[in-house]
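Naming follows writing order (A, B and C), and every chain is counted from residue 1.
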Amino acid sequence: MRGGLLHLLLPLFFALSVLLGPYGIVNPFAHGLGSFVIELRILRALSAALVGVALSASGSGLQVLLKNPLADPYILGVSSGAALGVLAAVAAGLIWPLEISIAALAGGLAALFVVMAVSSALGLTSVSMILVGVAASYALSSIDMVLMMDLGPAVQGSLAWLFGTVAYVLWSELAYAAPLMIAGALWIFLRAGHLESLMLGDDVAESMGVRTRRLRAEIAVASALSTSAAVAVAGPVGFVGLVAPWLARLGSGGAFRRTYPLSLSLGASLTVAADLASRFVQPGGMAPLTSITALMGAPVLVYLLARLRR
Amino acid sequence: MRRTAASSIAISILIVAVVVAASAAYTGYQMSLYSAQVSALSSEVRSLNVTIASQQQAIESQLGGLSSQQSALQSQLSELRSSMEFPASAVDATGQQIVVYSMPTRIVSLMPSDTAIIFAVGAGSQVVGVDQYSNWPPYLSSLEANGTIKDIGSGWYPDPEVILSTRPDIVFGVSSVPSNYALKQQFASYGIPVVLLPDNTIEDVIQSIYTVGKLTGHEATAQVLAENVTTELRFAEDNVVGLNSTPTALIVWPSPIWVAGNGTWEDQMITAAGGSNVFSNVSGWEPVDPEALLVEKPQVIIYTAGHGEFNYTEFMSTLYQELGPAANSVPAIANGRVYAVTGTYNDWLTEPGPFVGDGTILLSVLIHPEAYGMNYTAIPHVVSPETFSLPVPSSLPVISTPEYVPAVSSP
Amino acid sequence: MDPIVSTRSLALAYEGNPVLSDLDIDAYSGEVLAIVGPNGVGKTTLLRAISGSLAIAGGELRCCGKVAGARARLDAGNRISYAPAYPDVDPWLSALDVVISYRMGPGSPWARPSEGDRRASEESLERLGIRRLAPRRMSEMSSGERKMVMLAAALSRGSDVLLLDEPLASLDLRNQSVAMAAIRAEARRGALVMVTSHELHLLRLYVDRVLVLSGGIPVALGPVEDVLKEDLLERAYGISLRNERALVPSLDLGAVPLK
């Protein structure tokens, strides 16, 4: 009930994102350069919204799956793997956006594959997944660092993919990444009932016919799919996947089936708003998306938590 | 007849006196007549002079009008001549054939090196946007201040919309920066060419000069510029020919020590300047362990100190902190041949732009002062245009600050 | 009457290690069956096997008309409700959320709690005297209160088989009596309620039959008064009750060994 109005934030921010920018306010039905600016803004807003959906879907799923309120889409090593993919591609001379994007996707999925293989061997429990994921993140980050040192100045030009932005998305990238992001989010949605039961405890869920091991594998794959695709589009945009599920829970309360759709819509709103803000915080330049999502999301989260304590 | 004689003398004297008096009176009269004539004449001359002067002024002003007309005609002519070079086409670093159908009048540059090349070929007045790090030519900042040119932010991480807000008809970037590729593909769908200039080697710079000249309508100037750069390079090379190549390290960042290695224009400049890059074993720009200096033993260390971000003293204390007393086993340090290059000189060494020739001459002086009849002790540790002027003959073509001719608004 | 739960030569293992074997039990609708025995003997394992969260190692398990053979799991859907001894519930859920989610179970992601679900859930909380906890989050409750919420959740579905792991542990005196009354009411409704317990002195108050496990096998099964005999318990738990009678005040002697 309370959450219903929050869904309106998405169309609001989307419209603002199409209307406002450093180019100025443009008539959406303009011709010439104005129409191109509008096209780029729509592409940006659409990418941001999809990335927000993918990340909050993944974060929502993983927080329940891993029984960890701090779980975010990158806890299974996807972002370090994707960064490795980007850096390796640039080092190998693959520098076109689509090449970089696919390298990020491949890196993210490869990292997940390794994490799942190792934690399966250790029993595929929440703890084993988190520990293996964190270990893999650190290991991959160390390789990332070596590559960054090697690349020298070229790294500065790759920062867009390492810090996160939707400024350079092409329709061709979105064309292949959007289905993956949506598929991941949809897959998690289809398991919403199972995840809701899992919130009552593993053995209760099992007694209700939920196969928790399989569910873990499914959700991990689905979230890695949407997260990797999101990283391939926008780089590792941080904080959205952590905070959107919480904003939804604190904003509307209730169990997973109720909070999940709100979490997706809030994640999309937050990312679209962050992209909008990123055009204005620095005159004549852009701020990385992660810095804005964190700046915008953190106070809201703290406020909601504080209100809850009263 | 003494009386008769005397009276005749008196009479003759009288006559003479009368005659003299009369002639004097006549002369006086004549004199007064002349002077009146002279004054009339001189006043006439004065008025003539005034007339002449005013005529002269009129002629001069007419002449001035003519010469301004001439220069306007000339600039129109050159513009016409340039526009006759269109459609122009060139291949950029990505191998894409770029076709420009009319003379670009709204150029955006994403990198300082591109900006320098664009201005140096004479296309400065066609520029409407540059990145925030572009700093040459010196009047660039005032053009940005008065709104003629827009600061589009970082070229490493540019906002497409900010670039579009300058309504560009062509954009110049570089081939080493991934985001520039993304921009190229984005803008391609709207037909705004993004030209990626190669930026790794000296040959790339020469190539870029030709490409920029061709696409901006300044092919002839570009030709001259490229020849000048080549002449400068040859000047440096000729001066050090036959000299032992001196082991040299070029440090581009102090902490961690980041060096220019193989495959960089700096490496080529060192070689051309009669040095041998001790870090040619690393590829590109890479951080190295400070101890590598102990192993490689450079005779000369050149450190590009930017514009005062990290000065000579700090750099030396960093070296001593990291190497300890062993630092003195590095010949360059022991002999005091560590140079912090700042100011414009820094840009000569750190930008793949039109100053690679000047930069090579600077390096040749620092590495081989003897080739210029100098002792290395005469070179200060902080090398900048203020502390050290290059010992080069005036006959050498130097890349001077191009004149900025505001664009004639075309009909 | 056919048993609703029955096992034949059932063998159970936990992570590859054999836990229980030779289980032949028949349990009937309308009774409360308690499983007792020393810590680690396999009481919870047995409940989890019947609940379907554990594959059985050997023998056969039947429940609600479903059969599971070796290395298979039983799947009786929502005809079974299970309440763990130590609820591991998301701490941010409210008591009402827990009961509603439990009532709805997994299934369609589109499902939303109906008015009936809401009312039944509130009634279930009411029945256990914890309606006031409805809006409270699990993290704000004591462990006893959490136990009561879980019990309310398990009782909310009207299942045919209720598997309650130590339902009375960590409850206060009042809540114990409320819980025992609720369990009896479920049995009266016609459900089979299987509980595990260490509160042997309370069994008499709400349990019909007792299964005693010891050393990996069942050692006794029968009505409370028949099974809770001193020598049997001494053997089952490996203690001397004579010296510790004060701790087990209400037991009668005269056990009937199962085997």
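One rule holds in what follows: a residue touches a chain if its C-beta (ideal position, glycine included) is under 8 Å from a C-beta of that chain, and two chains touch if they have at least 3 such contacts.
Everything numeric here is computed off the predicted structure, so don't read it as measured data.
The touch graph of the protein chains shown is a line.
Among the chains present, the centre nearest to the common Cα mean is that of A.
Taking the mean of C-alpha positions as each chain's centre, the chain lying farthest from the centre of chain B is C. Between chain A and chain C, the centres computed from C-alpha atoms are 42 Å apart. Rounded to a whole number, the gap between the C-alpha centres of chain A and chain B is 49 angstrom. Averaged C-alpha coordinates put the centre of chain B at 90 Å from the centre of chain C. Touching chain B in their complex are the following residues of chain A: 21-24, 33, 36-37, 40-41, 90, 95-97, 100, 149-154, 156-161, 165, 167-168, 170, 279, 282-286. Residue ranges on chain B touching chain A, taken from their complex, read 132, 150-154, 156-162, 164-165, 167, 176-183, 185-186, 189-190, 258, 284-287.
On the side of chain A, the complex with chain C involves touching residues 64, 67, 69, 189-194, 196-197, 199-210, 249, 253-258, 260. Listed in rising order, the residues of chain C touching chain A in the complex are 48, 51-54, 75, 77-78, 80-84, 87-90, 92-94, 97-98, 100-102, 104-109, 111-112, 153, 163.
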